[in-house]
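Look for subunit A in each of the two complexes below; its partner is subunit B in the first and subunit C in the second.
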Partner chain A sequence: MKTRAVRIRHALIVVWTIAMVIFVYLPSLSITLASLTSSRYFIFPINKWGLDWWRKTLDSIQIHQILETSLVIALVVTAISIVLAFFGALAFARYDWKGRSWFQKLILLPIFFPQSVLGLALLLWFNAIGLQLSWQTAVFAHLVWIVPVVTLVISIQVYSFDPAIEEAAYDLGASRLQVLREITIPVLMPGIFSGGLFAFLLSWGNFPLSLFTTGADTTVPEYLYAKMVAGYTPGVPVLGTISTVGAIVILIGGYLVMLALNRRRRAGAG
Partner chain B sequence: MSERRITAGAWSASPVILFLLIGFAAPLAAIIVFSFMPPRTFGFGGQPTFENYVTIFESTTYISLLWSLGFAAMTVVILAFICYPVAYGLVRVFGRWSTLVTLLFVIPLFVSENVRLYGWLLFFIKNGVLLGSLKSMFGLDLESILFTRGIVLFGMVYVYIPFMLFPLTLGISMVPNETREAARDLGATRWQVFREVELPLSLPGLMIGSLLTFVLAVGAIAEAKVLGGQQIIPIAHDIEIAFTYAQNWPLGAALSVLLMLIVGALVLLVLRRVDLDRLLGRR
Partner chain C sequence: MAGPDGVILYLKGLTKTFAGHAAVDAIDLEIFEGELFTIVGPSGSGKTTLLRMLAGMEMPTSGDIILRGEKINAIPANRRPTCMVFQSLALFPHKEVGANIEFSLKIRGVDPATRKRRALELMEMLRLPESYYRRAVTQISGGERQRVALARALAFDPEILFFDEPLSALDYKLRKTLEKELKDIHRETKKTFVYITHSLEEAMVMSDRIGVMRSGKLVQIGSPQEIYSTPNSKFVSEFIGDVNVVPVTVTGDRKLTSAEVPGEFRAPPIADGMKDGYLVVRPEFLRFLSEPGDADNHVAGKLYNEYALGSRIQYHVRVGEMTFVLEKLRHEAFQGKLDQDVLIGWDAADSIVVPDR
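This part shows the complex of A and B:
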């Protein structure tokens, strides 16, 4: 039973949200439009549509190399951060231990930190211990920020986890490893999966940490930035569109996998 | 039982703690030590000195710092207002559409911010999407608003939307529906419910969102570079210049330490007042 005032308020909220969504996607739309022109400069309305710049960009060996560097960094970051953050999340949300509230704050600090400063601090640190900068140091830099984020993502799942199942397994004589493999990991799978998704995508899109820590290797956001500063190149909108569409595809694909996981779990339980 | 839990907690935490000591605490210590090295040196061997800090206070760097702090504060206030209705809608109005709306606001997080700002550049530039359309449809020939201070603030508000929206959503979902209903039944007006019930109970989310937005915005650099055309020099830009063109690492380190102190004080102040377990949904 909704009153008129409530209905009007809800309608206003819906309209405002739609406006915000349009606002959020306007720049992506502009970039996509710019990538579809075949003239050297972007003039709107477009009079020469074409995929010329897509072809040129996709054929470039340099672009392949950059995409490969970004992909390798993101995959390694995902793998390592899942392992670290899984145990981190158990300590964050599952166990009651003495240092827990202290640990929770430690985890948040790198998230609540200006990334450009963190990148520079890492640059100084790598320099001090004599590490040569390359994609590996960038992996390390990404992890400093991404491990805490993934820990939080998995923790949210851990909060809804009933510790009694684990205790029951212990009482039935299961070893610690068995409990981990048979109970904890399967139950937390949705959280681990979305944590992995976050890790991959955040690493893929990261700029401020990569800027100072990749050395001679170049990631996609770094390349785009260098080109943007240098002046207009039609390759920038193309690569920008690719990274945007890539993120959308991966996220929606991941979302569908999550739904499937949940359904299987519910079927298994029922 | 509890014995096992205590050790299990410490053991599970140890890899992350070790990693953050090497990857977070040590670099910060390095930058602090470096800020006391003589100007234009590149090692830790020099005689400690306060020279870099003196240089900062004698220079005009404080202008950059004030710009960054001021713009970050404005970004937080604007975002709180424009995100609140959406966050409220996500919790109370959209129902099963909430997941889709959330997803729509999550996606841009994963596209590098300079790419999205570049999209705004193409939107606002002369003969771009906006001005080009206005010209061809209405014959209007307007000046671009790019490369002004206002557009830098606009860019910052745009980039940090999700960082305000999601903590705010968590905060609002902490307000029990029964409490709101009860307040209504006792005769509170809509405004009273908001001021006396919803706002105070969702405050942790608002605080975390504001903190996160403020901290990230203070370190923002891309907005001023891509959209602002050097109208504003944010503090992060000064730091980057010191490390790159000027080749004065100790000065850059001292500037970083200054920024870290401001940010660190704020973070500790806010985190002390927030119960993370409740915010993240512990039952």
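This part shows the complex of A and C:
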């Protein structure tokens, strides 16, 4: 009886997993299918297969610019948020200081704001102080939301960090700077690395904050939305596929780098 | 131990207050060159704060720390010629055994070949296999990690080595082994060790001298033998473990009575002017008597229970509300039945009378 119940349970788990995979990943896959048509409109089933729209999209200067804008914003956001979140995480999880509990609450708050409201608020604020909207203001807007997330990610690593190891290094004659370079940064590296991945991917895919704050510049998600609202071409799923595949490549690449780092560490590059 | 060469560390009125509360309260202490000095006290007695001040990780509120005649109060930990083995060991998790041991040499700019030679020397001394040089510190056992931490501190070549309860996380058997090993390392290196622990038993095994700490003060300093046989207070006498402590009143020259136990007792010489105090008798000095006259003092009670402690057997004897603890070697075991009436006693010379401090 028991083995039968176990078998049924296993079967249900398998069915559930397959269903999840289908519901989550099939829509993404259908985007790719939609990009492989040669006709002007989105029709299922596809009657004329072809790579015409891929060629057109990859040749388009406008698309190049949009990808570049998204990439630059994501890279700048990643760099700045790693630096801010690294020190933020030390303040969040490592050091005991007056006002720390307030800091811990305030820094997390932006994560829970509806992003469209946050975007609108920042737009009004940029206008009020007379800033010209561009990709730079979008970087600022992304940071408001992403730095807290990255701070949390790095903080998790900081919590598992024995403060005594910094003291031990200091006691063994290291200066504060040597402690940071030899101990703190290397030990927190896995957290810093995954924080950086988070920063890049969250910025790369962000729509609501960009919508309000990029001004004349356009990011990939903004372009996709605009084209869906008016002027759909199969170029939209092409760019969508590029964007998604790019994110997946970075995620898997990051995972592999991480594995390599861990292996090297264990094998002992000391 | 041979006679001390001189004072290496001198503490003068050393005090540390946190929010108005003195964690370390005006401590005066001399630590001698090459000795293994243990500071022992319960948690919250201020021993860790004291050690952190000596290592340079806390600044004293007042008082002086004098190392070889030089005041070092304001010198931070990274410029003090002292080194600490931490309670958590604080091994660098991202570095291998070798890189952990060599850390201080790397910081000083010693070349890699010399560094490695020194690390391997220390590993050999501490009986760590040479193959461990490239091993991750997360992949070795607790006892081995202990040795790596010690090797790392010794590589620094400190004037004084501090230990912050490094054995407290280990199981009993390993702790017992490492206590002796540490004392052997002390013998080999001839360095000054200052060790803190909450276990007086651990302190007894290792130390040349022991300082007992309570509420920020050192209440007694002495050799393990002195602390064991002539504690100067109820606190110190009870700290070491099972002991018989009877509240007493001094009634005359070397004469005592107790509200808890009937009879008048003969006592060793008592400090002048003491009225009330505690009579302290170690369990091994209490005997089962066949005649009341077999010892200076005797009391009648009932055998309550007996416990096998390996080489010894412990007996609890109830006298009124009090329980007396006796210990006998296994081959001298007392043959008695539970609840049997027994007569127990001790000689005045085997007891001491201490004040309530």
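Going forward, the second predicted complex is superposed on the first by the 251 of 270 C-alpha atoms of A that agree within 3 Å, B and C clash if a C-alpha of one lies under 4 Å from a C-alpha of the other, contacts with A are read in each partner's own complex, and residues count from 1 in each chain.
Heads up, the rule we're going with is that contacts are C-beta pairs under 8 Å (C-beta built on N, C-alpha and C of every residue); 3 or more make two chains touch, one makes a residue touch a chain.
On a predicted model such as this, the values are computed, not experimentally measured, just so you know.
Novice: Name the contact category of A:L202: first (subunit B only), second (subunit C only), both, or neither.
Specialist: first
Novice: Using the touch definition from the top, say if A:V229 reaches subunit B (first), subunit C (second), both or neither.
Specialist: A:V229: touches subunit B, not subunit C.
Novice: Quick check for you: in the superposed arrangement, does A:A164 touch first (subunit B), second (subunit C), both or neither?
Specialist: Touch status of A:A164: second partner only.
Novice: Using the superposition on chain A described above, determine whether A:W49 touches subunit B (first), subunit C (second), both, or neither.
Specialist: neither
Novice: Between subunit B (first) and subunit C (second), which, if any, makes contact with A:W16: first, second, both or neither?
Specialist: first
Novice: Under the stated touch criterion, which partner chain does A:A247 make contact with: subunit B (first), subunit C (second), both, or neither?
Specialist: The first partner, subunit B, only.
Novice: Compare subunit B and subunit C by how many residues of subunit A each one touches, and report the one with more.
Specialist: After superposing on chain A, more of subunit A is contacted by B.
Novice: Check whether A:L124 is in contact with subunit B, with subunit C, with both or with neither, and answer first, second, both or neither.
Specialist: After superposition on chain A, A:L124 lies in contact with subunit B alone.
Novice: Determine where on subunit A the residues touched by subunit B overlap those touched by subunit C, and list them.
Specialist: Shared contact residues on subunit A: 167.
Novice: Which residues of subunit A touch subunit B once you look at their complex with the stated criterion?
Specialist: Residues 5, 10, 12-14, 16-17, 20-21, 23-31, 33-34, 42-45, 83-85, 87-88, 90-101, 103-118, 120-125, 127-128, 140-141, 143-144, 147-148, 151-152, 155-156, 159-160, 167, 201-202, 204-208, 212, 220-221, 224-225, 228-229, 236-237, 240, 243-244, 247-248, 250-252, 255 of subunit A touch subunit B in their complex.
Novice: If we count contacts the way the header does, which residues on subunit C are in touch with subunit A in the complex?
Specialist: 55-57, 76-79, 82-84, 86-88, 90-96, 98-99, 103-104, 107-108, 134-136, 152-153, 156
Novice: Given the complex with subunit A, which residues does subunit B contribute to the contact?
Specialist: Going by the criterion above, the answer is residues 1-2, 5-13, 15-17, 19-20, 23-24, 26-28, 30-31, 34, 42, 44, 82, 85-86, 88-89, 93-94, 101, 103-123, 125, 127-129, 131-133, 136, 158, 161, 190, 211-212, 215-216, 218-219, 221-222, 225-226, 236, 239-240, 243, 249, 252-253, 256, 259-260, 263, 267, 271, 276-277, 280-283.
Novice: For the complex, give me every residue of subunit A touching subunit C.
Specialist: 162, 164-165, 167-175, 178, 182-183, 186-187, 189, 265-266, 268, 270
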